[in-house]
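A, B, C, D, E, F and G label the chains in the order they appear, each numbered from 1.
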Amino acid sequence: MIEILVSIFLLSGASLGLLAAIGIIRLPDLLTRMHASTKSGALGTAMIMVGVMLAFMEPVVTFRAFAIIMFIMITSPVAAHVIARAGYFVGVSLWDGTVKDMLKESYDPESHYLRSGFEGMDDDGETDDMDESEDQAR
Amino acid sequence: MSTEVALPVFIPLLAGVLSLMLWRSRKWQRRLAILGTGLLLASTLWLLSSTLDQGFVVLQLGGWAAPFGITLVADLLSAVMAVITGLIGFAIALYSLGTIPDRHEKFGYYPLMHLLLAGVAGSFLTGDIFNLFVWFEVMLLASFALLTLGGERAQMEGAIKYVTLNLFSSALFLSAIGLTYGLTGTLNMADLAYKLSQVEHTGMVNVVALMFMISFGIKAAAFPLFFWLPASYHTPQVAVSALFAGLLTKVGVYALYRLFTLVFVGDTGYTHTILLWSAALTMLTGVLGAAAQFEFRRILSFHIVSQIGYIMLGLALYTPLALLGGIFYLVHNIIAKTNLFLISGLTYRLLGSYDLKKLGGVYRERPGIAILFLVSALGLAGIPPLSGFFAKFLVIKAAVEVEAWVAVVVALSVSFMTLYSMIKIWAQVFWKPVPEDVDATRLRSKERDPGMVWLLTPIIGLAALVVLFGVWAEPLYQVSSDAAAQLLNPAGYIEAVLGVTP
Amino acid sequence: METLMAYAIGVLFGCAVYMMLRRSIVKLVIGLIILSNAANLLIFAVSGMTRGAPPLIPEGMQLPEGAIADPLPQALVLTAIVIAFGVLAFSVVLIHRAFEVVETDDLDQMKDTDT
Amino acid sequence: MINPLVINLVYLLLSLSVLLSFIRLAKGPSLPDRVVALELIATMVVAIIGVHAIDTGVASFLDIAIVLALTAFLAAIGFARFLERGGPRDD
Amino acid sequence: MTEPDKKIMKDNTVILHTAALALLPLQLLFSVFLLLRGHDEPGGGFIAGLVGAGAVVLYLFAHGVDATRRIIRFDPRDLLGIGLLLGTVSAFPALLRGEPFLTAQWWIFDLAGTEIKLSTVLVFDIGVYFAVVGTILTVVVSLTEAEE
Amino acid sequence: MIGFFANVLLALAWTVLSGNLSVLNMIFGFVLGYGALAILQPGAPILAGYAQRVPRFVIFILFFIRELVKANVKVAFDVLTPPWHMQPGVIAMPLKAKTDLEITMVANLISLTPGTLSLDVSNDRRVLFIHAMFLQDEKSLRDDLHEIERRILQIMR
Amino acid sequence: MLYAVLSGFLLAALVPLVHRSAGQFTGWLLALLPAALTVYFASFVPLISGGEVLGQQWTWFPGMDIHLGFTLDGLSLLFALLISFIGTFVLIYAGGYLKGHPDLGRFYIVMLSFMASMLGLVLSDNLVALFVFWELTSITSYLLIGFNHESEKARKCALQGLFVSVIGGFFLLVGIMLLGIYGGSFSIVELLNSSEDWFSAAPLTLLILCILGGTFTKSAQFPFHFWLPNAMAAPTPVSAYLHSATMVKAGVYLMARLNPMFGEEMLWTVMLTLFGGVTMFVGAWLAYTHTDAKKVLAYSTVMALGTLTMLIGIGTEYAMIAFAAFLLGHSLYKGALFMVAGSIDHEAGTKDLTKLGGMRSLMPWTAGAALLAALSLAGVPPLFGFIGKELMLEAVLSAGPLQGLVVALAVVSAMMTAAIAAVVALKPFYGPRVETPKQPHEAPLAMLAGPVVLAAVSLLFGLLPGVPETLLVTAAVTAVAGMPLDFYLSLWHGFNLPLLLSVVGLTGGAILYRYWDRTREPLERLMTRLDRFAPETGYFRALDGIIWLCDWQTRILQNGKMGNYMIVLVMTTVVIVGYTLAAQHGIQFTLDWQDINFYELAIVALLMVTAVYATTTRSRLGAVATMGVLGFMVALIFILFSAPDLGITQVLVETLTVILLVLVLFRLPGFARYSTLFEILRDGFVAVSFGALMTVLILATLDARMFEPISSYFVEAAYPEALGRNIVNVILVDFRSLDTLGELFVLGIAALGVYSMLKLRAEKLND
């Protein structure tokens, strides 16, 4: 019984990994590739670790596997964020099918200042409404 | 308990660490330099006296019996090399106090010096082939750092070659260790010797032996593997050059001596013939290279290569007299060569150059320095009754005995060309008047230079040894003779380390 | 498996040497990295490779269960890795400094110190 | 005991992902692309180690995975820093 | 190549800063864990030192040299010195018992039912730890300072 | 945080005392400890809100896993089929999160969900710029993102 | 005798002290030592002339059978007396000649050392000790010739002298070694006594040629004669004198010393006679064609050395006697003449014989001494030189197979010598007065003492030949001949062939002198034309050739290109190791492809791919990132094959390596392609060869395993004895902790090196 559970976790984890790899090969630009790689990869690994927990069923192993999942969940988005923004700002070209880029409009390449559009408002500004108005403004 | 065999390793390690921790105080680093190297010298003398008493001094580190733990072992060769390390270390420490710029002191000169000595002593005293690799690396990295200390253009250019070629050598060494372990399953040199003495000779042993030979040949600057040396040895501070000249390449030679008298003695007809050709060509190319140079330290650097050939010749001929001569030559050469580098620093201090064309007039103004040079230079060239003569005499006589005429002719030609170079320096630096465009105020100044005592003390001391080992060569001869006898009878070493009689 | 490793190590050594022969100092660094990896793997491979039996003694036992991998080459390789790392750190910075001082990355231009 | 077939299949999938990721790393075209590929490979290595731990029954291998998960992303941070400071992205 | 002092893009932001701050204690803790159990399980001074140094390097990348120097307080060279000193000194206690250099000395005692094993081996491993951290920090800090 | 720490300690104490080092026993110990802390909470200000946070956390995890799987399937479908269904783009998401830690948590969890990737935060830290893969229905995407943020803040505050 | 030798060195060391206190009387004061030595050695005369041989031995270097053994027999006594007796006057003379010279003190030091070395040489019984002194005379004479060291010419001449004698010295050294090896001893006495049992086993030809290589160069035998006149270019006639009268005779001394051993050997006799005869003639000829007084004297010395060599070679009874007599005579008159030449130079400011004349009245004492010495040189009775020459002519008449040639050479040389004598000693003093750069005065007492005494002794010995005969010559001849000979010296031997030849010689000499002005110049022109065949030209050619070779070799080998260095290293490894493997082990191994899992294959394949990609990519950072992958693959291999610690370490190290590279590469340029296609192919070949070698080595080793590894001990002892369950870690921190300690220091040093490289420069830039 538990073997089947483990197998399922392992296989789905590995499949996610493969998915990430295919994504990184197929997808057209840096940012879209990152969608595939970081998340699917991380999730796939996490699932395999769950498989490990189940396979061993020992506290020490469980703790270790859990730590691995935690660490991956912490580090991989951070890395993704850091690379993505670096790639974005140094001008890695985006896919032709990209539909909008709100960051580009808010960014001043001279002063390197990234505006929020809420400058001058106080902290309690009605954010929900702002969503709409911002979308229209652009 | 044979603590004395470990002290020459641990004293400089400790001195290096303390010196590193005292990086904020140059004053204490300087005091430590003297204290550390002084203690090192004392400990090596203790080791030598024990070795003379007992034949071998063996210490199983960590209390783990050989071949499982790491064994430190001193036979006479090791002990003599250790003493020379202490001696040169002490001399260089004194010299450094007077020559190393403040900035270099501030950026770790002294720790590096201590650790280089530790690496050298470790290499001489270890009885374990992998541990030898580790000490080689300690020594090598310390030498990298010392070589680049100062960051001048020439240093960088020289260092890149030095580093790259030596790293290739290290990779070969490491691979050879791997193959050795794969073949024999052991790392202790005595155990290796013991095991290899039990099996029929196979080609793979020779293959591995040659890998070691090439690797050590690179470190020793043997033909055709020496290129890194002349490219770099003249670039750092002269104290560093001197330290390198005296000790570094000799570690490679020592390693050749150790392995090719203890471990790889099953097919000396093959291995030692290769050594013989390499030795002859090393002598020749080195000395020819030197003759083409017009820079004090470059000349000396090329001569290191050629004299390595002499020492290798002793090993290659592999007779009692030849090994004896090789060891004698090794000791002599370290002292004389180091001293010549130190003297080059002295004239640099007086005239601000190493270029022979920009030097001159030292004999007229400073006859004392001239005599010190002449003694060391003629000693190096093998003019009697200085140390080099008997060294040369022993090696060549060994060659004549086995009628290795090529080696004899080469050795004599090299001896001649060495004299040529030394005389060239003498004529240019000492006899020739000061060139007109050279500022010689410091040379001519009658004022006392207070830092000069740091330079002169080691130079005078080493020059005295060059004379002493010439006019009173018998003690060194006896020690070398006993050391050679030990090398030719590896059973003693094996028994001392493993406690078994092969 | 050792057979396969022998080929791989040969490839690594070849690549390392090829990179060390390039004139661009930056390539030299890559060569050094591959070289040390090759040497480490050589030690590891040549002393025999064992699957799934790390040299660990389970809790509560005096000896490992069954045959285990030879721990000694592992210790050697570990030491070698560390040493290679130290050497590499130094070399990388050396190359960096050499480029700054000599103002070229062409090794053939760095020959003032020879004749 | 897990079916060896499953284990081997998992190994296959994971090694395939590593190979594919390396293709992206080799192709680039930009530095961030390569770094992303490197990150993915590191993650896949963690997964492989996990599978190996199950395969051999030696939990100690997981320690490597922990260390990898905790530190491998440092390389990515380093590359990003390189880009941020003006290093060429197409190198 | 651009001038190093000219900014080419927006600085790193809150996310990396915060992540580094959060990860630092985690990684350091883990490194100590690796150090202490290295004699029995994979780990040991060297591995632990690398992990610990990695933590500081991450912090360095996120917060810069000055902030890093503030949190580690020691000069990296002092860490290195301490490490090497511990490593070397651990060779000597054996001499007091008339044993060869580097012979391990163990002090095992029971503390509330737990066996506590103190030894020169542990001192040695701690020395390794500090030396590794000191080495990597010296290198990386010098390099980043040279860049700035 | 203190509450969680205390709970872990209690769980450990339970496992040691019970002498059974299995995973199930540890989880059991954790649950027991949680119960004890929940009872203790009104009398100990330092534990304020802990009892509520744990179920929220568990619920959040489940929610997040659902999001994860959902988004992964979407991405997987697009990756594996030849034509591109995606409409990627960068959008600005105003943040309710205020502290560094909150912003980081939000940004990272958004990054972890396939289809969205936190690019950067505006200099005044009030807007998070996100690269999204499927901008076909931006409104529902924004709702999803706000839902994630809301749940995170609930746990953290 | 040891103290006699050492006293010279000791006094040399004390010279600065003496010089400071004694001032201008230093020369006189120092001369007391050789004077005392003369007396000391003279005190042995009765004993030695009675046929005794004195021996003394001090242990020096017993291990090598090298002792400070001294033998005093007739030959060494004769030399010792000449050295100390003439040395006395040289020191006195130098005080006058070099008065006020700033380097006079240094001159005394070297001169005394030289004298002591020379004494050591002629007294030593041990051949190695003899060689030690031999080389010392070379070095000290180098310093003497180069006394005027700020002149480039002096330096060059000194160098030439040194080189020739040192090269010769090497030959001698080998000869001595051969004697020691085959004769079983370095002691001359023992060798002479051991009869010739060992001759059959020894490579006798080589041995003799080696020894002659040493003696011919030292004694300026043709074709090595050229260095001697150049040595005369040295500024002081004093040192020049020394080279004429003593050092160059070291070679002659050694030949005479060893003559009893080799006298029966054909090679020995022919070589000595032939080369000696030719040298005699060449010397005389060259002396005749030169005008510089010191050069003329130098060439005439060459002539004398040739004569002496030839006489040893002839080896007959007469030749032996002639040898001893000629040696004694030559030393006396040549010493006097050199000092005279020096005085002329000193007083008149030139030593060009064509520019000198009529100074008799201005320097009467000098002129008198010169006249006597010249007559002796020319071989005019009743001077002692005549006896020597008579005996020489008598000897050549019995020169065996070479008789005809030798006689002809001897007679011609005798004629020319007579002419030279006249040119040197008569021309400056007699005939019309020629204006000189300086107005000459009689030389001071210090410079007169030598010439006058020596010339007077020449006359005295000529008039009373029995005195030198009984005191010195008989014993010397005994030593050279190896047996006592019965003879007596006299001026008058009756009318015989030698007397006739002597008369012919003197008459011819007179004619040649008469037409010296007219014959000299055409001869000189002829010699100039022959210059390119001269041995000296050969010397310079050889020197240039060596330097060219050095430059060429250095350009080729040490060419500064690191790629080339690497290729040499790698190919050396490939060729030597590969050859050994192929020849001694064979390229044989078992390939085992069965034992591989597919995922392992994938990992290893990717490992290879990463390496190849990193070497071929143009993208520098791509290569760096690839290094990360390579590291991961290596780590995976470690992990899959049971090395978790290695895996962790590898992963961490690789990550940090990448970080390091990224940090550093920021400032460095991208991958540049500098290589041509040829270079790429060449390097590719080298790389592939090396890779193939390593593969084959590993495969071969895997098959050739000989012993079980020692590691089972670690497994067994790890927990029970070292209290650790991670065996690798236990090895690292306990079993082999010294490795780890060393490794730590490697790291520390690397950090220190990096720190100083980066910071020292930064600080420099800040200043």
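What we mean here is this: contacts are C-beta pairs under 8 Å (C-beta built on N, C-alpha and C of every residue); 3 or more make two chains touch, one makes a residue touch a chain.
Keep in mind it's a predicted model, so treat the numbers as computed, not measured.
Participant: With a step meaning a move to a chain it touches, how many steps does the shortest path from chain B to chain D take?
Facilitator: 2
Participant: Report the chain whose mean Cα position is at the greatest distance from that of chain C.
Facilitator: If we average the C-alpha coordinates per chain, G ends up farthest from chain C.
Participant: Hey, how far is the Cα centre of chain E from the one of chain F, in Å?
Facilitator: Chain centroid spacing, chain E to chain F, equals 32 Å.
Participant: How big is the gap, in whole Å, between where the Cα atoms of chain B centre and where those of chain F centre?
Facilitator: 66
Participant: Round to the nearest whole Å and give the separation of the Cα centres of chain C and chain G.
Facilitator: 50
Participant: Roughly how far is chain A from chain F, centre to centre by C-alpha average, rounded to an integer in Å?
Facilitator: A distance of 13 Å separates the two centres.
Participant: Give me the residues of chain F that touch two or more other chains.
Facilitator: 107-108, 118, 120-121, 123, 125
Participant: Residue numbers in chain C touching 2 or more other chains?
Facilitator: If we look for residues of chain C contacting two or more partner chains, we find 16, 20, 25, 38, 40, 42, 46-47, 51-54, 56, 59, 72, 76, 78-79, 82-83, 86-87, 89-90, 93-95, 97, 101, 107, 110-115.
Participant: Could you say which residues in chain A touch two or more other chains, in rising order?
Facilitator: 22, 34, 38, 42, 58, 74-76, 78, 80-82, 84-86, 89-90, 113-114
Participant: What are the touching chain pairs in this one?
Facilitator: A-D, A-E, A-F, B-C, B-E, B-G, C-D, C-E, C-G, D-E, D-G, E-F, E-G
Participant: For the complex, which residues does chain D have touching chain G?
Facilitator: 8, 11-12, 14-16, 18-19, 22, 25-26, 28, 31, 34-35, 37-38, 41-42, 45, 48-49, 52, 58, 60-61, 63-64, 67-68, 71-72, 74-75, 78-79, 81-82, 85, 87-88, 90-91
Participant: Under the definition above, what is the set of chain E residues touching chain A in their complex?
Facilitator: Residues 7-13, 15-16, 19, 22-23.
Participant: How about chain A: which of its residues touch chain F in the complex?
Facilitator: Residue list for chain A touching chain F: 16, 19, 22-23, 26-29, 31-32, 34-36, 38-40, 42-43, 53, 57-59, 62, 73-74, 76-78, 80-81, 84-85, 88-89, 94-95, 97-104, 106, 113-119, 123, 127, 130-131, 134-135.
Participant: Over in the complex, which chain E residues touch chain D? Could you list them?
Facilitator: 1-4, 6, 8-9, 11-12, 16, 23, 26-27, 30, 34, 41-43, 47, 50-51, 54, 57-58, 61-62, 147
Participant: In the complex, go through chain E and note every residue touching chain C.
Facilitator: 40-42, 46, 135, 139, 143
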